[in-house]
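Chain naming follows the written order as A, B, C, D, E and F, and within any one chain the residues start at number 1.
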Amino acid sequence: MKKIEIITRTFKLDEVKTALSGIGVKGMTVNEVKGFGRQGGHKEVYRGAEYQVDFVPKIKIDVVVEDDFASEVVAAATKAAQTGQVGDGKIFVSPVDEVVRIRTGETGEEAI
Amino acid sequence: MKKIEIITRTFKLDEVKTALSGIGVKGMTVNEVKGFGRQGGHKEVYRGAEYQVDFVPKIKIDVVVEDDFASEVVAAATKAAQTGQVGDGKIFVSPVDEVVRIRTGETGEEAI
Amino acid sequence: MKKIEIITRTFKLDEVKTALSGIGVKGMTVNEVKGFGRQGGHKEVYRGAEYQVDFVPKIKIDVVVEDDFASEVVAAATKAAQTGQVGDGKIFVSPVDEVVRIRTGETGEEAI
Amino acid sequence: MNFVDNAFILICAALVMFMTPGLALFYGGLVRSKNVLATIMQSFIMLGLVSVLWAICGYSLAFGTDIGGLIGGLDFVFLNGVGMDNAGSPAENLPHLTFMIFQCMFAVITPALISGAFAERMKFGGFMVFSALWLLLVYAPLCHWVWGGGWMGEMGALDFAGGAVVHMSSGAAALCCCILIGKRKGHGSTAFIPHNLPMTILGAGILWFGWFGFNAGSALAADGIAANAFVTTHMATAAAALSWLVAEWAHGGKATTLGAASGAVAGLVAITPAAGFVTPMWAIVIGFGAGFICYGGIMLKNKLGYDDALDVVGIHGLGGTFGALATGVFATIGAEGLIAGNAEQLWIQFVSVVATWGFSFVMTFIIFKAVDKTIGLKATDEEQDRGMDIAEHSETGYQW
Amino acid sequence: MNFVDNAFILICAALVMFMTPGLALFYGGLVRSKNVLATIMQSFIMLGLVSVLWAICGYSLAFGTDIGGLIGGLDFVFLNGVGMDNAGSPAENLPHLTFMIFQCMFAVITPALISGAFAERMKFGGFMVFSALWLLLVYAPLCHWVWGGGWMGEMGALDFAGGAVVHMSSGAAALCCCILIGKRKGHGSTAFIPHNLPMTILGAGILWFGWFGFNAGSALAADGIAANAFVTTHMATAAAALSWLVAEWAHGGKATTLGAASGAVAGLVAITPAAGFVTPMWAIVIGFGAGFICYGGIMLKNKLGYDDALDVVGIHGLGGTFGALATGVFATIGAEGLIAGNAEQLWIQFVSVVATWGFSFVMTFIIFKAVDKTIGLKATDEEQDRGMDIAEHSETGYQW
Amino acid sequence: MNFVDNAFILICAALVMFMTPGLALFYGGLVRSKNVLATIMQSFIMLGLVSVLWAICGYSLAFGTDIGGLIGGLDFVFLNGVGMDNAGSPAENLPHLTFMIFQCMFAVITPALISGAFAERMKFGGFMVFSALWLLLVYAPLCHWVWGGGWMGEMGALDFAGGAVVHMSSGAAALCCCILIGKRKGHGSTAFIPHNLPMTILGAGILWFGWFGFNAGSALAADGIAANAFVTTHMATAAAALSWLVAEWAHGGKATTLGAASGAVAGLVAITPAAGFVTPMWAIVIGFGAGFICYGGIMLKNKLGYDDALDVVGIHGLGGTFGALATGVFATIGAEGLIAGNAEQLWIQFVSVVATWGFSFVMTFIIFKAVDKTIGLKATDEEQDRGMDIAEHSETGYQW
């Protein structure tokens, strides 16, 4: 099985969720994160002193899926999250050895 | 080594922590996340307009352990987190190549 | 490619970021987490009742890099985050199969 | 000069002043966290901008010697002749300065109210210019018409504490602005859920508290009328908080905390023109009505689809209008409405409603267009995505 | 009629009104974030519910013509005969409406106080019915007994601003409710840590501020007694904030911010019955005592194990009782207590304490059981897990 | 005795009391979230500590029978002879207790102001001892000098509501403390960004509101002077909020919400010594000046590099000094300044400025050193890392 981590803009959450649901993803886990990258941050001012804030709010969506479903999920997420502007984010795919559904104790692809 | 990600109900944090400590886990890292799954979300109302909120607050507990300790950890976490109701969550196990303890620079199983 | 997860003290964020930027890391994703470990937590008091809070605020920095860049990143992060006191945190390195840059659809090392 | 009344009105002025930070929080809690400061700012800074303008010429335009029933003369510019005794004071019992500053607080909050309509997308620079012009070209004349010796007061329109001057005028301006500026990015597809409802409830609590100064203080004396206005204000507000909950419960199944707060504000608005003219039991009736009507108005907005972000039209526009008409119906104290057999009063109130909406809407339209063409008013989509706090003020509300 | 007193009491009434949103925040900050709105609501909406009931018949039951020392008659239902002058006013110097609305604010906050005991697990619908009944069946009679011409006042019990009427009555009701409703899910195993202490401190600040209206206003005139009540209120509160910190520091090693706020409220409660009767230095003594005693009461709760979520019994029940007895000891102004050689007063105070606790506890028991059987009062475990905000109001407090 | 004035000053005292929780929030929002409670506490607990000390001997040291122009005698220790009538009251029109408690609120907020300078690194125990000593050894004498019959008032120094007594004294103490205690860990390398600006704005709103009691109440009567002080306070504050924004905008390109709040406080500070002596239009001038000057002062701090965490020196020290001198220039009501042809007044003001800064700085130095050597004042780096809330109070501000 694969874990797909989608890091993208916060306001894209709904669109990505809908896209993934649409192709049959049944579950995902979302996290508010801060990203550092080419997009750059912004200036903040505090009583006349300027600070550069390098981190931009992003969301990270983790989805674990069967091996052969992974590329479809990646494609759907890419499509839904893309704006074409710097800062759209990344998708990371990594191996998962085992999945357990806590409620039932099921394991493997059954458990996803 | 293995990374075990336990995604479960927020109020189960203490029980899972105690269970894992009980079998000898020395460290873990916890995250507040939002989950989407079979459990479904809830309705919110804002001045007469209804919104469906699909995300439910969950916690994610990351534990990195030696390979042959992993299944015991998974079993203990499953037991502690189970309520039997939809929404109990998932456990994902994935490979870790290397671990470093920042304080000492130790690596590998020493560092866990 | 490798994912490097650096879990360390919150006030080390800037130093680690600067160190990694310094050796050429172009992007990273940061998360506020709570850590449980040897460092121990603290006592809280609420109207005369004492509670032990086991979790300490930490930050987790995720960086995905090319395979052969990984050890350099780990070394730089270790150096920047080290105070020598219990609670400095851990670095976990794990395999990543694929990376996609959402903006362009590029994949692999191009996309990092 | 009456020292009791002076003490009372000074304290009431302080209470009314406190409403503006209260409004800032009421509005601030309702927006998304990336816009909290910009929203708060658009209320808070009116304390700065409007007060100074009021001293320079706003007060004079509103309360200077009447010119043709339309506007005040320039006698009081730079607070010239506005002194520590009652010389020249429209309220003989009060030091002229006391009267002036009490009125100042009303002027401050009115443009702040409008800002709820275009929240989360208005640029700060343009907003300041818009508000300055609106104060001088809409608020000051209207205030003169009603309280400064102008035609509306002369006609006999009843407006105890600002149903027309404050609430209808800002409601009409809000409608105009939110149509002209257009929707927020994401409107219709994204849910704009309040980021901090406790902050909004706190704001509502402060508004309720301060409104006693607004309405009871409008008696301009610590007499029985003030007592009555105080009681009617409280009772209408209480009733409206309840009826909004009933409406919600009947409509959607759940009574909400925001509903209680919104209902309270609707009740405060509706009783404002009536406070000194009706009895407490009629105030309860007005309050009950206001909760239902303003709730209905917001349902309507959702149907019509314009993006009045924080429901200024539904609450202040509609609530103020209902209150003005209800005053024409239920007035029995120091004036006679329909139930006292004086149907004409209702007609007069109706005229004042139409005139206020018309005047405010048209003038707002002109001012908005002028500022939009010259300085620009709407933030870009990209700025809206980042949030107005960073885009306009280089600040963020919270760091956890 | 005295215009100075009218001005003073109207402003005091506004201050007392502000205490209820203050209480909402004080309580709201102490619960977990998933219950913040439901908790706030149970205070805030009392402004709506109780005020309307007060106008309909609550005021009349409390202050109508005395019937057998037990309850007021129906003379003032629907505020009939409650007017802008002092005709029929229990306070001759005040417009009847002013007296009525000042009393209304006391009625509003009392059931709100109880809600702290069953926080985080009470359903909203049942809560509303419970509170309405409690107001009419417990608060109104008690208020009549003490201030409306009833037997307790006649007996000579001293209660300057509501030690019995407000604090003991709500404390006793709180004890009864939290036993009957049972514990929150997780009680004993989970730590229920406050989610937003700055909000609680803000609430405490507002309470302290508003309480000047509560206690000084209870002089019903802007005289030296009011000045004295103002000063005793402030000094007792200050002393109690300090002594709570000392208790904490001696007991656990750390002085906490919540301790300072809790001590302040304990001091405010304890001085309430005494405010106009004791001198400022005795007020400091009472305050010091209150901090220690209420802290001790909470320790006791932790031992006894009932789940009085926000310590209404420990602070209002115990603090009010201590204050009532202390009044019997230290009264020297306009009344004589033990130190003035009048031991009987202490006995009278003791009788009033027993009667208040007994009456409130028994009546609350009956009302609670009746509502619980018919409508249901406790949220399910599943609802408590999701949080009362979503379960009962379909809202969440914060979105970051 | 005048009942109107009594009513007015009691309400004003309540308003001034409310400023201290307001300050707690103003400061609390500006620190990092791990220090929010400790920061709030250092203001809030002054309500406890200072009030009790004031009753015991502080009031007597300030207002007891003058001893050599330097300090008050012990006539009023334990509030001996401070009663419900005006016997012995420095203000004949007020009950002695009313005068005492109004002054008490000023004493409370002054040491609280200082705490902004050493925020995020001061230990609580030492802070309490430091503040107690500072109150008795710095505030009480200074208060006596200016208002209690001491040499500064006799010399003719004008300080309407506390430019010297409250703001310069705390500003000078702040400068001394922040140099002596040293910088926060991370100063210079880390950005210390406010964790909750809406909380700060709320605090500023409460301060503005309460300050009406501070300044208008300092007329000690509900007369035209009070009305004038009310108006000048509002206008200067409004102007300073605007001018701070202009300074920011000219300097860095963005007007900030914190700037509006900071400017408002700067204006409030600067008008404090002048409020009853200048006309509203000059107040606007003073306010405009204050915004620019205090903004400049903070720029200077950034250059000089001392760690005045929340800018007490820049705002209270500088603003108070500017206001004191401006009073010497613009006074025309009940006193004559430079523009009224009385250049000497400016010289007198100058002397009072130097004396206040000198006295407060030197005394603070001694007290700080003494407490630091015996009890210890600075938190360790490790404690600063964990946060003062956990280290000093075993609490955390928020749990989400």
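Heads up, the rule we're going with is that a contact is a pair of C-beta atoms (placed from the backbone, for glycine too) under 8 Å apart; a residue touches a chain by one contact, two chains touch by 3 or more.
Every value quoted in this text rests on a predicted model; they were computed, and no experiment measured them.
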item	value
Neighbouring chains common to subunit B and subunit C, by label	A, E
Mutual neighbours - chains that touch subunit B and subunit D alike	A, E
Centre-of-Cα separation between subunit F and subunit A, whole angstrom	50
Rounded Å distance, subunit E centre to subunit F centre (Cα mean)	33
Numbers and ranges of subunit B residues touching at least 2 other chains	31, 44-46, 50, 94-95
Two or more partner chains touched - positions in subunit E	4, 7, 11, 193-194, 196, 202, 252, 254, 256, 258, 393-396, 398, 400
Which pairs of chains touch, using the document's own definition	A-B, A-C, A-D, A-F, B-C, B-D, B-E, C-E, C-F, D-E, D-F, E-F
Contacting residues of subunit B [partner subunit D, same complex]	44-51
Subunit F residues touching subunit C - in the complex, by the definition given at the top	186, 189-190, 385-386, 390, 393-396
List of subunit F residues in touch with subunit E within their complex	1, 3-4, 6-7, 10-11, 13-14, 17-18, 20-22, 24-25, 28, 36-38, 40-41, 44-45, 47-52, 55, 78-79, 82-85, 95, 97-98, 100-101, 104, 124, 196, 199, 202, 389, 392-400
Subunit A-facing residues of subunit C, complex	3, 17, 26-31, 64, 94-103, 105, 111-112
List of subunit A residues in touch with subunit C within their complex	2, 6-8, 31, 33-38, 54-55, 58, 60, 74, 77-78, 81-95
